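In what follows, structures are represented as C-alpha cells.
After this come two complexes, each holding chain A, first together with chain B and then together with chain C.
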Partner chain A sequence: MVDIPQVENRIDANKKISGEAEFIDDISFSNMLHALVLRSPHAHAEILAIDINEVQKLEGIEKVITGRDIKDEIINIDIGDHYPLAVDKVRFEGEPVAVVLAQDKWQAKKALNSIKVEYNVLPHTVKAREAIKEDSPLIHPDQDQYNRHLDTNHHPNSNIFRHYKLRKGNIEKAFKKADKVIENRFDYPQRSHTQMETHGAIAKWTSDQEMIMYASTQSPFFVRTAIADMFKVKATDIIVKSGYLGGGFGGKSDVSIEPLTAFAARFVPNKYVKLKLTREEAFNASLIARGAEVELKTAVRKDGKILGEKAKIYFSSGAYGSTSVHIVTAAGHNCTGPYEIDNIEVDSYGVYTNTPPVGAFRGYGHPEVHWAKERQIHIIANELGLDEDEIRIKNMLKPGSINALGQKIEKENGDLLGCYKKIRERLDEIEINQKPHKVYGKGIAAIMKSPVMPTNSAASATLRFNEEGTVDIACSGSEMGQGTKTAMQQIASAALKLPLDKVKIKEDISTDNSPYGWQTIGSTTTWKAGRAIMDAVRKAIDKLKENASLVLDVNKEDLEYRGNKIVLSENEDLFVNTDQICFGYLHDNGLVKGEPVQTYGTYMPKGLTYTDPKTGQGNAAAEWTFGAQGVVVEIDKETGELKLLNMMMAIDAGKVINPKLARGQVIGGMVQEMGGALTEELRYGKDGQMRNNSFTDYKIPTPLDLYDTDFDVYFFETPEPIGPFGARGIAEHGTVGIAPAFGNAISNALGIELFKLPLSNQKIFLNMNKEGDLYV
Partner chain B sequence: MAKTINTIINNEKHEIEVPYQMSLLELLREELNMTGTKEGCGNGECGACTVLLDDLPVRSCIILAHEIDQKEVVTIEGLKNTGDYEKIKEVFMAEDAVQCGFCTPGFVMAVKALLNRTKYPNDQDIKEALGGHLCRCTGYEAIHKAVKRLV
Partner chain C sequence: MFNPFVYKRPNNLEQVFTLLDQNEDVKIIAGGTDLLVKLREADRSPELLVDIKDLEKLKGIKKNKNEIKIGALTTITEIKESKLIKDEFDALYQAASQFGCYEIRNRATIGGNVVHASPGAEFGVVLFALNAEVEVVGKRDVKRMPIKEFLYDVGSVKLNNELLKSIIIKNKPDLKSSYHRISRVKGMDLALVNAALVKDDKAQYTSYFGAVARTPYNNNKVDELLSQSNLNKALFVKIQKIVDESISPRATSLRASPEYKKKMVVSLLKKCLRDIGEIGDDIDG
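Then we have the complex of A and B:
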C-alpha cells in the first residue's frame, strides 16, 4: 500500500481563519447593480396583474423585470417545467415574481413595496400524499406537454412527475411464503440545508453576448450547461466562475438562483448584477431538502430471513421537478438497505407540491429510506422476538450477493459486516453512568450508499510542471469545506512521488479554462477527480521519461521515475533530475532537448447504463459504500428531553487519504443529520406559507447540543479498485443511518416506536407513556 | 437621515457619516471593505458576524452603525496582529476546526472575547462563549477540542 503524504493543515485553513478567503458576497464590482426579488406570498396562485408603473419612476431604479419579460427562457435540466421568474402562476411561497435592479440596495428595497401584484389564490398542497389524490389541485396541469431531456415516467393528469420502478423476483410469492408480513409507514419531512453562507451570484452580459458569472455553486459546468440551454446559446459563451463556498451540502448543486441572475442581467448589458439571498430567502426561495414518506411491507420468515419487500416512496418534491428526479431514483435503489432481498417491488414517486423545489442534500435519498428500512428491521426484530443484529447479519449483502439493481457485490465493495460488528462492539463496551430520572438507549443502524449520476459524468485535471520543478494542478472540484483541494494535493503528491510543497492545487474554477468536472456532488470528487489527476500524472511521468531518454540517450522503457529524478533502471548512477528536464533540458550551448511537461487527465465512470424502464435494474451505481452507525442517548423521564452521549460510525473508506479531514467529514455529516433526526422540519401554515424560515424557529444543532458528546469514527480500508489508491467517497455517508439509530435508541430506552421525524423532545414526551406514534 | 460618528476600528480612528438604518456589519463590509466579517443570517441568530465592541462580542448585523459612536470596534482583520490570534489559529489548525470557513471568523472572535474574559476558561465558560454560534460543517467536535487546547 502506498503511503499518502500527510499535510499538517488543510491548505486553505489560514485564509479561512483569518477571514481572507473570498466568498461570493465578498466580491463586488464598480457600478454593480443589486437585484432584489419580489416573491410570491402565496403557495399557489394565478398572477392576474403586475403593476410596475410606479416603481419604474422611483429614483435609482435601473430596471424592473417580471414574468412578462420571459419569451421562451426555461430551465430544462430534465423537465422543462420551470421559468426563472413566475409566468402567470406562482407555485410556492417565495417564488420570484419580479426583480428590481438598482445601484443602491436601499432604493431597491423600497421599490419592492411599490410593485402591485394581483393574485387569484388557488388551492394548494404541501404533502405528497395529499398531492397524489385524484381531487388534489394540479400544480402543473400541462406537464404532458413539457419538453423533457429525460423520460421521467410521469403520470399524466396528476402531480406525479417521476415514477421509478424497481422489480426483482416475485413479491407476491414472497408474501405467500412469509411467516409474517410487517407493514409500516415512515415519514421524513422536508428540511433546509442551512449552509452558513446563503446563495449568491453575480452576472454580466457583454455586448458580444457572452455571459460572465461568479456564483456560489458546487456545479459551475452544470450551471453553464443549464444557462446556455435556457438562452439557446453556446456553452462556451457562458463563463461560470466559483471559488470558496460557505457550505454546499448539495443545496448549491444543479441550479438554484443562477438562472434568475443570468436572466435579470441580460436586461442591463455590460453591468454586473448581484443577487444574494437573505437567510429568509435561503429557507423559502432556494432549494430545500428531503421530504419523503416511505411505506414498507416486509415479508419475513420466523428465523428472521427477509423474503421480500414492497416499498412505496412518495417525495414531496416541491414546485419544480428537475432537481429531484434522481433523488427519487436513488431512494428507490437504496430503500432495501444493505441487504440481499430476492423479491422486491419498489415504486418511488416524485410528486409536485406547493413548496420550494427539493434538491440534492447530503445523502441524496439515502437517509430518507434508511430511516424507514433500519427502523423496520428493528421493529421486525421486536415482533419476531429475535435479536436485531441476527436479522441484519443474516440478510446482509456479502460477496456474491445480488443487490436490488441486479449487480453482484464483490469483496472489494467493502466490509459491511466488519463495520457493523465494530459499532456493536463499541456500543456494548460503553458503560452508562446512570442518573436518577433518566433512561438510556443505544441504537444502531447499518448503511449503504451509491452515488447516482449521469452515465457520462466525467472529471478531468490538468497538470503543469513549472520551470523550477514545482507542479500546478487544476481539477474542477469545488471547495466547500470538505477539503477537496487538500486531498487532491495529497493524491497528486503521492502519485508524483514529490513532496507536498512542490504540488500546488488551483483553488478556483472558471468554466472557460478549468478542466471539465460535471458537479462536485455525490461524494465523488476524491475518486473521480483523484483518478483524473492520477491519469494526468501517468502521462506526465511518461513525458518526463521521454525527455530523459533524449538527454541520457537511452530507451524510454529502460528508465524509472523516482520523483525528483529519472534513473536508468539497471544503472542508478545514470540519471537526470526532474527539475532539469521538466521544461526541456537546456544544454550548455543553448540546445534544448525535450518539451515542457504539461498534461491532461480524465476519468469517466466505466460501464454505467440507464436502468431498464420495466425492472429499474441495471448498472446505475458506479460504486457502493458500506458502514454502520450508532448513538447512545439519555432521556429525561419527566420532560422527554433527549441528550446525545455518544455518536459513532464505522465506514469502509477504501483508503483514507487524510485521517483528520475524513473524521471531520463523518462527524460533520452525523451531526447535520442529527438535526434532521431530532429538531429540523420545515413547517407550513394552512395558507402554505413556510412558518419557520429563520434560525430561531428552525433549530439546527448548536455547540451546546454536542459539547458533552463523545465521537468514535472507525475506518475500514478495503481498497476500491476504481478509486485513487483505493479511496472511496465518504463525505455524505455520515448522514445516512443517524435518524434510525436515534429512533432505535429511543425505542430501546422507552419501549415506544416512533415513525415520524423529527424525534423532538415534545414528541418523545407526548409518546413516552403511551404506545408510541402520536402524530405530532 | 444620517449621523456622523467618531469611532476606532482596528486601532484606526474614523469619522464617518452613516445612515441611521445601516448596520455595523454593512458599514464594515460595504463601506470599509472589511469582508472578513461574514453575514450568515442578518438576524443575530448565527454568530458569523461577531466583532468586539469595547471588548465585548456583539453580532454586528443587529448593531446599528451609529451605535458605535465613541466606541471601539475590533474585527477579524484587526485581530490578526495580536498574540491571541496566533494562538487561536494554531489550535484551530491543529484540530482542523475549519471546514467551509464561513462561520470561522465569528468563532475566532468569540474565542478571543473568551480569552479577554478569562485566561483559564472552564467548560461552562466555553459553552457560554460558543453556545450561540452556528456551524453547519464540523459538528463542533473539532472546534470544542481546539478551544479546550487553549485551557
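Then we have the complex of A and C:
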C-alpha cells in the first residue's frame, strides 16, 4: 500500500478564508450589462401577447428580448424540447418570458414591471402520477416531432418523455412461486439543491460566431458543447471559464441559465451580459431535484429469499426533459438495491410536469429508489417475521453475483457485507440514555451506487516539469467545495514521489486550454481525473528516464525513478537529479541531452456500451460502490419532534486519499440527505405556483439540529482496479441510504410505517396517534 | 436587490419626529431583520428610511422598584445575556434563546419583534402572558398601555407617527414562567406553535399560544381550569377539547396543519408546566 502524503490544509483554504477566492459574482467588467428576467407567474399558459413598447423607451434600458426573438435556438442536450425563453407557451411558474438588459440593475428591475404579458391560463399538473393519466393536460403535445440526440423511448400523446425498461429472468414465474407478494408505494417529493452560491453567468459575443463565458458551472466543456449546438457554431469558438463554485451538488452540472445568458448577450455584441439568480429564482427558475414515486412489488419466499421484483418509478421531471433522462435510467438500474434478484421487471418513467425542470442532484436517482427499496426490505422482514439483517444478507450481492444489469460482481467491487456488519455492530453497541416522553429507534440501510455516464465520458490531465524540479498539473474536474484539487495534489505527489510543495494543481478551468473533462459529476473526479494524472505521471517518469539514460549513457530499463533523482538500479551511486534533466540536461559545453518533460494523461471508461433496448441490460456502469448507513433517533412523544443522536456510514472507498476530506464528504452527504428525509419538500399551490421558494419555508438542517449528534464514518479499502491507488468516488454516497435509515428507525421506535418523505414532526406525531389510514 | 432610498440616522427623538413630519413615504428601521428582507422582495422602497439605532433612550434593561423596563432597541442577545431577565423571567430568557439564529439575535430588537406583530413571534406570547405594558413616545407625550391593546391584529400595532419606546413588565415575587415552541429545524426557524405560561404569586395561571390565531391566543377557561384543578391526565383531555373547539388555525399554512397545531397547544402547555415544576414526568403522550 502506498502512503498518500497528507496536507495541513486544503489548497484553497487560505484564499477562501481571506476572501481572495473569486466567485462569479465577484467578476465584473466595465462594459457589462445586467440581465433581469421576467418570469411566468403561471404554471401552464399560452402567451397571447407581450407588450414591450413602453419598456424600451425607459431610461437605461439597452435591450428587451422575448421569445419572439428566438429563431431556432433550442437547448437540445438529449431532447430538443426547450427554448432559453418561452415561445408562445409557458410550462412552469418561473419560466423566463422576457429579459431586460440594462447598465443598472435597479433600472432593469423597474422595467420588468412595465412589460405587459397577456396569458391564457391552461390546466396544469405538478405530479407524475397525475400527469400520466389520459385526461391530463399535455405539456408537450408535439413531443413526437422533437429532435432527439438519444432515443428516449417516449410515449406519443402522453407526458412520458422517457421510458427505461429493465427485464431480467422470468418475472411471472417468480411471482407464481412466491409465498408472499408485498406491494408498497413510496414517495420522494421534489427538493432544491440550495447551493450557498446561486447560479450565475457572464457572456460576451466577440463576433457572431465566437463567445466567451464565465459561469458558475460544474461542467464548462458540457456548457461549451450545448451552447455551440444551440447557435450552430463551432464548440472551439465558445470559451467557457469557471473558477470556484459555492456548491454545485449536480445543480450546476447540466445547463441551466447559461443558454439564456448566451442568447441575451447575442443582442448586444461586444458587451458582457451578467445574469445572477436571486435565491428565489434559484428555487423556482434553475434546476430542482428528485421527485419520484416508486411502486415496488416483491415476490418473496417465506425464508426471506427474494424471488422477483417489479418496480414502477414515476419521476415528476418538470417542464423539460433533457436534464433528467439519465436520472430515470440510474433509478432503473439501481432500484432493486444491492441484492441479487434473478427475476426483475423495472419500468422507470420520466414524466413532464408543470414545475421547474428536475436535474442532477447528489445521489442521482439512487436516494429516491433506496428510499423505496430499503424501506421495502424492512417491511418485508416485519411481515415475514424475520430479522431484516437476515433478509439483506441472504439476498446481498457478493463476488460472483449477477446484478440487475447482468454484470458480474467481483471482489474488487467492494465489501458490502463487511460494511453492513460494521454498521450493525456499531448500532448494537450504542447504549441509549432514555429520557421521559421520548422513544428511540435505530435504523439501518444498505446501499449501492453506480454513476450513469456516456460511454465516452473522458477525463484528462497535463503535466509539466519546471526548471526547479517542481511540477504543474492541470486536470479535468471543477472545484465546487468538495476539495477535489487538494486530493489531486496528493495523488500527484504520491505518484511522483515528490513532496506536496513541489506539486501545483491548477484550480480554474478554461475550455480553450484546460485538459478536457466531460462533467464534474457522478463522484468520478478522484477516480477518473486521478487516473488521468497517474497516466500523465507514468509518461513523465518514462520521459525522465529517457533523458537520464542519455546523460548517464545506460539503458532506460536499468534506471529507477526516485522522485528527486533517477538512479541506476544496480548501482545507486550512479544517478542524476530530476531538476537537472527535466528540461533536458545541459552539459558544460552547451550540449543538451533529452527534452523538456511535459506529458498528458487521459482516461476513458473501458468497454461501456448502450444497454439493450429490450432488456435494459448491458455494461452501462463502469464502477460500483457499496456501503451501509445507520441512524439513531430520539422522538418526542408529545410533539413528534425528531432528534438525531447518531449518524453513520461504512463505505468501501477503495483507497482513502485524504481522510479528513473523505470524512467531511460522507458526513456532508448524510446531513444534506437528512434535509430530504425530514424537512425538505418543494410545495405547490392549487395554481401550480411554488409556495416555498425561500428559506423561510424551505428548511434545511442547521448546526443546531446536529448539536448532540455523533458521527461515525468507516472506510473499507478494497482497491478499485482503475482508480488512483485503488480509490473510488465517495462524494454522493452519503446521501443514498439516509432517508430509509430514518424511516426504518421511526418504524422501530413507534411501530408505524411511513411511505412519503419528508418525515416531518407533524407527520410523525399525527401518524403515531392515528389508527387506520396514514397521514401523508 | 434593493431599490434606492434615502437613509437618515438621527441621534435624538426630536429629529426623528421632524423627519416623520416632513416625509410621507417613510419607514423606521432598527435591527432591520424583518424590514430589509421585505424591502429586498418589494417592487419599490419607501423614499426614506429613518434608522433609530442611535437613540440611546430606547436602549437597555432597567429595574425600577417593582417593574422591569426593556428599551425597544434592546437586542435579543442583550435580553438573552441579561442576568436580571434570566433570574426573574424564564419565559423571556427562553424566548430570546430560541429566537432566530446567533447573527439575527445580535441585530434584532425586542421592539421590532413586537411592532412587526407576527402571529408566531417569540415575544408576543411571552409579553401577553406576563401582562406587559408598552410605552409609546410621540412628538408631545409618552403614552402607556397594555400590550394587548397595543398589538391588536396581524402586523398591526397602535402607532401613529410614534415610536415604541419600551416594554414594561411588573416584577412580582415568586412568579414562574416558561416558554416552549415547535419548529421544523432547530436553528433559524419560525415557531409552528409557541406557548408561554406564567404562574403568579397567587397561583393563578396565564397561558398564551402563538401561530394559532391572528394575535397571541388565550382562553380564560383553560387558565381557570389550570388554576383551580388537579393537574392530572383527565384535565388535559378536557383542555384539549376546549382548544379543539375554540381555535381554528389557518388551514393553508405551509408550516403546520390545524389538527397538529391544536394538539401542540396542549403538548406545549404540558412542557411549560413541567418546566416550572407543576407536573411530573408521569403525565405525557
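Definition applied: the second predicted complex is superposed on the first by the 770 of 776 C-alpha atoms of A that agree within 3 Å, B and C clash if a C-alpha of one lies under 4 Å from a C-alpha of the other, contacts with A are read in each partner's own complex, and residues count from 1 in each chain.
Just so we're on the same page, a contact is a pair of C-beta atoms (placed from the backbone, for glycine too) under 8 Å apart; a residue touches a chain by one contact, two chains touch by 3 or more.
Nothing here was measured: the structure is a model prediction, and the numbers come from that model.
> Is A:762 in contact with chain B, with chain C, with both, or with neither (first, second, both, neither)?
After superposition on chain A, A:762 lies in contact with chain C alone.
> Using the touch criterion from the header, give the chain among chain B and chain C with more contacted residues in chain A.
Chain A has more residues touched by B than by the other partner.
> Considering only touches as defined above, state whether A:144 meets chain B (first), chain C (second), both or neither.
neither
> Which partner does A:707 contact after superposing on A: first (chain B), second (chain C), both, neither?
both
> Who does A:696 touch here: chain B (first), chain C (second), both, or neither?
In the superposition, A:696 contacts both chain B and chain C.
> Applying the touch criterion given at the start, work out whether A:278 contacts chain B, chain C, both or neither, answering first, second, both or neither.
both
> Would you sort A:683 into first (chain B), second (chain C), both or neither based on which partner it touches?
second
> Does the superposition put A:179 against chain B (first), chain C (second), both, or neither?
In the superposition, A:179 touches no partner, neither chain B nor chain C.
> Once the shared chain is lined up, is A:437 touching chain B (first), chain C (second), both, or neither of them?
second
> Could you tell me if A:25 is touching chain B, chain C, both of them or neither one (first, second, both, neither)?
A:25: touches chain B, not chain C.
> Intersection of chain A residues contacting chain B with those contacting chain C?
106, 278, 695-696, 700-704, 707
> Please give the residue numbers of chain A that touch chain C in the complex, ascending.
105-106, 109-110, 113, 278, 280, 436-437, 637-639, 641, 679, 683, 691-692, 695-697, 699-705, 707, 760-762, 765-766, 769
> Which residues of chain B touch chain A in their complex?
So the residues of chain B touching chain A come out as 19, 21, 29, 35-43, 45-46, 48, 75-77, 80, 88-89, 92-94, 96, 98-105, 108, 123, 126-127, 130-144.
> Within their complex, state which residues of chain C touch chain A.
Its residues touching chain A are 1, 3-4, 41, 43, 101, 182, 184-190, 192, 254-257, 259-260, 263-264, 267-268, 270-271, 281, 284-285.
> Along chain A, where are the residues that touch chain B in the complex?
Counting only chain A, the residues touching chain B are 8-10, 12-23, 25-26, 106, 193-198, 244-249, 278-279, 480-483, 660-661, 664, 667-672, 694-696, 700-704, 706-707, 709, 711.
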